[in-house]
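Next come two complexes, and both contain chain A; in the first it sits with chain B, in the second with chain C.
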Partner chain A sequence: MASAVGEAVTAPSGRATVAWRGRPRGNPWRRPWVMEGFTWLYIIWSIVPIAIAVLFSFNKGASQATWQGFSTKWYIGNSVNSVLHNPSLHQAVIQTLNLAVLTTLITVPIGVGFAIGIDRWRSRTSTGLNFVMIFSFVIPELLLAVGLFLLVTQALTFIRLGTTAEVAGLVVWNISWPAIIVRARLVTIGRTYEEAATDLGASRLGAIRRVLIPLLMPAIFASAVLVFASTVDDFVIVEQLSSTAPTQPMSVLIYSNVHGGLSGPALNALATIMLFFSLVVAVVGFVAYRWMTRGERTKSSSAALTSIAGM
Partner chain B sequence: MAGGNVKLESLTKQFDDVTAVDDISIEIQAGEFFSLLGPSGCGKTTTLRMVAGFEPPTSGKILLDGVDVGNWPPHRRNVNTVFQSYALFPFLTVAENVAFGMKYKSVPKSEINTQVAEALALVQLSGYEKRRPNQLSGGQQQRVALARALVLRPSVLLLDEPLGALDAKLRRTLQVELGALQKQVGITFMYVTHDQEEALTMSDRLAVMNRGRIAQLGTPDEVYNEPADAYVADFLGVSNLMDARVEPGGNGGGPCRVRLGDFVLEAAAGQLDATGAVKVAIRPERINLHPYEAGGANRVPGMVERLVFLGSTTQIFVRLATGSALQTLVRNDGAALPYSQGTPVSVGLPADSLRVLPDPGVSVAEIRDKTLGDQLLDLTSTTSS
Partner chain C sequence: MGRSQDTHDRRNRWLWMGLAAPGAIWLLVLFVAPFYVMMAVAAGGVNEFFQTAVPTWNPLHWSSANLSAVWHDMVGSGAFLGPPALRTLLYSASATVISLAIAYPVAYFVSRYAGRRKTLFLILLIAPFWVSYMMRMLAWIDLLQQGGFFNSALSFVGLPGHTDWLGGKSATVVLGLVYGYIPYLILVLYAGLDRIDQSLLEAARDLGLSKWRTFWRVTVPLSKPTIIAGTFITVLPMLGDYFTNQLLSGAAGTTMIGNAIEGQLESPGETGQGAVLALMLLLILLIPMIYYAVSTARASREFA
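Showing the complex of A and B:
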């Protein structure tokens, strides 16, 4: 190696550019081993616990720690304590889906409206609202959950704990997703398309409906996927705002049973189902997003949005 | 469609404390190809956007066939725009893009397809109906944008640097097509560009803009050959500007006698009754070079500084004995040029091509700075103009 370095130094100036040969650390194009290794460690660290939890949902025995062979009894087989046959377990699955669908349907239109309002009708109000959107990313979820709990139980008592309060809380917590993602898309789209639409005869609202909304569809869809997935995963808010057993989604049920009560691989099965929903939604979202933006694959705008949406 | 007369009366637009358009008055005749020419930031695009309805004027009137439309929203004005970025809707096919505005024109359904086909035929894109904008080249997208606007038969078509995003060769082809198309459809075209070649080749008349005002308005021939001031002379093509003083004593109605350093020349064009400090301008193609020894009237000794081969011509940069730098064009007719760097020459500045312009109170270098920005971006087209 020393001779290689020495040769490069004494070589005519035309060859000085290859001086890194024989000096791996001096080569700017070398593989980033350290960063790559670190990334893999991170991936393993985050996937292994999940993989183990999923694995034990298929355990033949009742243990969550000792593998006793493969079985689907905790999903459908066991007539007492499987997700299919235990009413509190499958009720939780239904409630989770119920909350996710309702929250998504309410959050996304409001969030899109906020985004358009903030970006297209600039005023003092829209500046303030923009701040609130970022604010909800910063405040602790527990703080919001406890606040909402007090609000619902002390002041707004007509909203009763249970599905209504849960949906209201989840909408407030998730509204930033569509607002921020759609707004990012609005910024990259610019105003020219709307101007072109009004120039061709569309009214202000007509331009939004016929041009802006179709252009925003990928962002709207991406944010719907995120809201849905985040609602399926949510625990803090629903834990505070749920009341009787039928209004408890999977996350709350798993939490309240994990140390005693109804335990065993049936809970792993429940968690696996939760994971499955999130994954399905993410995959559907990714495929649909790619399909919707197929016309703009070469543009940098979609790359920017893709990175924001994490897809 | 009949009509298409545009009249701007004292039109002004201010953004906060910046005056983008400053008291502009223009009348554009129906069926005219009118260009607004100027460097970026001169207010030409803002003027166009006010006519389109995207910006409300701060003051002044926009009369469209005699009706003040200044405060109408864009969709109520019978004008259409071709955007620099084309703004084709990416989620619609070419045919759907062209048909977009028909929905608001109460055109019967059966009629829509016929008219879309006609519009696409007009821009030579028949057969592309089912494609999406991203499957088209830049030039084709530009044609779709044109068809989408023309199909609505506006009384005025506004074009905001429509060829700006295309390469030089395609731009030149489309310039010719666009000019022919305008004559064919007879619609008033209001065309915004920073490219003097585009403005000169296509327009019936043009307005050269500077700092929100109109520096000169006239036919391409007038504006090119009889620039009103040093700014217009420099912006329209390469022009040689020099500082000079008018010799005292008057000219008695004949050519103006101007002093450049130690030399007194006759100038027979421009403002011949000017006195004191002036600028004199001469187009590169009007300058002739002679052997150094050859004397004669209106000749100044100089030295060749640089030769640039441009293909059909060679550009020669000459430094005069007065210190001024000039450039001149010599046709390449096959014979070797008798000049090289350092050759002393006698530079002939014919009196009828030497134009006296009022002194704007700024140096030649300052004028050049202002007009050069865009021309540098556009070097490919200026070198051959």
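Showing the complex of A and C:
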């Protein structure tokens, strides 16, 4: 930008000289205060309500609107209605973790395999499958959940509503994360390393295992973080496919109790625990992603942050 | 990548197919098949005694009873599905426009002007993405309830502070939709704007365009694909949303098409009509979904 002013003034084109006649309009280094203020307003608006909800999970009283002093009774103290002592509340925590772990363990390997297979096996079938995968990424969750509910109750009745159906549905809903992220990474890696390995005598499978998978590791890891977090967050699919109370994770419990039922700060406590899980996963994901990509030229905090968020 | 590469790939075809197979089977059984079941239920009958859906598997025997029932509910006298459909469009459109108006300047600022503080801004922008949707809705329920902070703040500045914001206000539902989906939009816009080559903008300025004209004639056209992708990412889930509405209003006056699908699916004897409604929504959304899929596939091919 430094040369911009000088060049524009001496430019032969009349228009450019007109534009810069007199004092150059607009200093390119001036800070855009209005936009910065707007950004901060947005950030405050997006974070403060959540912070208040977290705060009220530590409220001494039963109100979610009037602060009555600090207490951890909604987590551990209250013998009836705290997350620790109320069976439906802590069952929900366990079910959420259970679903998240199972879904991640199944989704990531099959999604990575799908991505490698589709990328290398160029045919009409693989193009079609890739389309199906992208469709599963953009379809409104409700439509998939309704379809899965009908499938499980009308056709594949051996898949019982409850944990089995929930995991089956969550896997198909999340498979696009590893598939899309790993495929994008495959494209940037190219095939040279793999070819070098096979030229040096590695088998195809050996080259994948010893060369390609290590190179894909950051992408695989980022997608695992995303699958885990999105399962913790999931509501629509698990609501349609859960059956009895023990198969209802935290999101379903919060939803069904907001209007009546178990109310008060215990719900905030549950939501705060959910938030805590996601944040731990996000921080671990960020740190590990930076560590994995430490040798790369494009390494930067912002790149790692956006990768962990699926961009 | 020459011809030898292609023959190589052909030889390894079984390996690639084997790697893709588990995911492919999972997608076919649990993503494609459900929609056939949905069609069979939509075109099927009802068990008179149990009031449960009886799917018709053979397309030759499909009946249009459910379809015409839904059609009557939509346009006939006493239609109750028309208003939710209209409301869905109205709410989603206004929520998307508001989201874009907020998200674009924020993403633009962070991608271009944040400088060394980019990481800080990104952490703050990504934070809501990691907070579960239920938590974010719960936060607004706390704020907007009768004795909540929002009403207290209103009475503090001298406005009437007794509004029942959670009792069926369209504005509350739109706010919930914006608050719920805007983090995704901002991230998509940021990723797109960050990729715009700065030297193109410098060139435009060098050639004499003013700041505003550079923005309108260079930045906006270059970010058009991103804006479209971001709009899809936000509008598609909004169109199938039922929980935001249920949590922040729960009143009949604000129901959307998602609530109608959910309601019919759960009421005895009307599962088939719920399936018809879901298929209708899918049919409408098929066009933007295909557009999105094609442009994503093309983008990744160009990238390769």
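Everything below uses one rule, namely that the second predicted complex is superposed on the first by the 271 of 311 C-alpha atoms of A that agree within 3 Å, B and C clash if a C-alpha of one lies under 4 Å from a C-alpha of the other, contacts with A are read in each partner's own complex, and residues count from 1 in each chain.
Definition applied: a contact is a pair of C-beta atoms (placed from the backbone, for glycine too) under 8 Å apart; a residue touches a chain by one contact, two chains touch by 3 or more.
Note that this is a predicted model, so its numbers are computed, not measured.
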item	value
Partner chain in contact with A:193 - chain B first, chain C second, else both or neither	first
Touched partner set for A:146, first chain B, second chain C, both or neither	second
Chain B versus chain C as contact partner of A:214, first or second or both or neither	first
Chain B versus chain C as contact partner of A:284, first or second or both or neither	neither
First, second, both or neither for A:118, with chain B first and chain C second	second
Chain B versus chain C as contact partner of A:76, first or second or both or neither	neither
First, second, both or neither for A:201, with chain B first and chain C second	first
Touched chain A residues, chain B compared with chain C	C
Intersection of chain A interface sets (partners chain B, chain C)	204
Residue numbers on chain B that touch chain A, as the complex places them	52-54, 73-75, 79-81, 83, 85, 87, 89-91, 100-101, 103-105, 132-134, 148-149, 152
List of chain C residues in touch with chain A within their complex	1, 5, 9, 12-13, 15-24, 26-35, 37-38, 40-41, 53, 55, 102, 105-106, 108-110, 113, 118-119, 121-143, 145, 147-149, 152, 179, 182-183, 187-188, 190-191, 194, 202, 205-211, 232-233, 236-237, 239-243, 246-247, 250, 258, 261-262, 265, 271, 274-275, 278, 281-282, 285, 289, 292-293, 296-297, 300, 303-304
Parts of chain A lying in touch with chain C, wherever the complex brings them together	1, 4, 7-8, 11, 13, 15-20, 25-26, 28, 31-32, 35-36, 38-39, 42-43, 46-47, 49-50, 52-53, 56, 63-66, 109-111, 113-114, 116-118, 120-123, 126-127, 129-136, 138-144, 146-151, 154-156, 168-169, 171-172, 175, 179, 183-184, 187, 191, 204-205, 229, 232-233, 235-236, 239, 250-251, 254-255, 258-259, 267-268, 271-272, 274-275, 278-279, 281-282, 301-302, 305-306, 308-311
Contact set on chain A toward chain B in their complex	192-193, 195-204, 206, 210-211, 214-215, 217, 295-296, 298
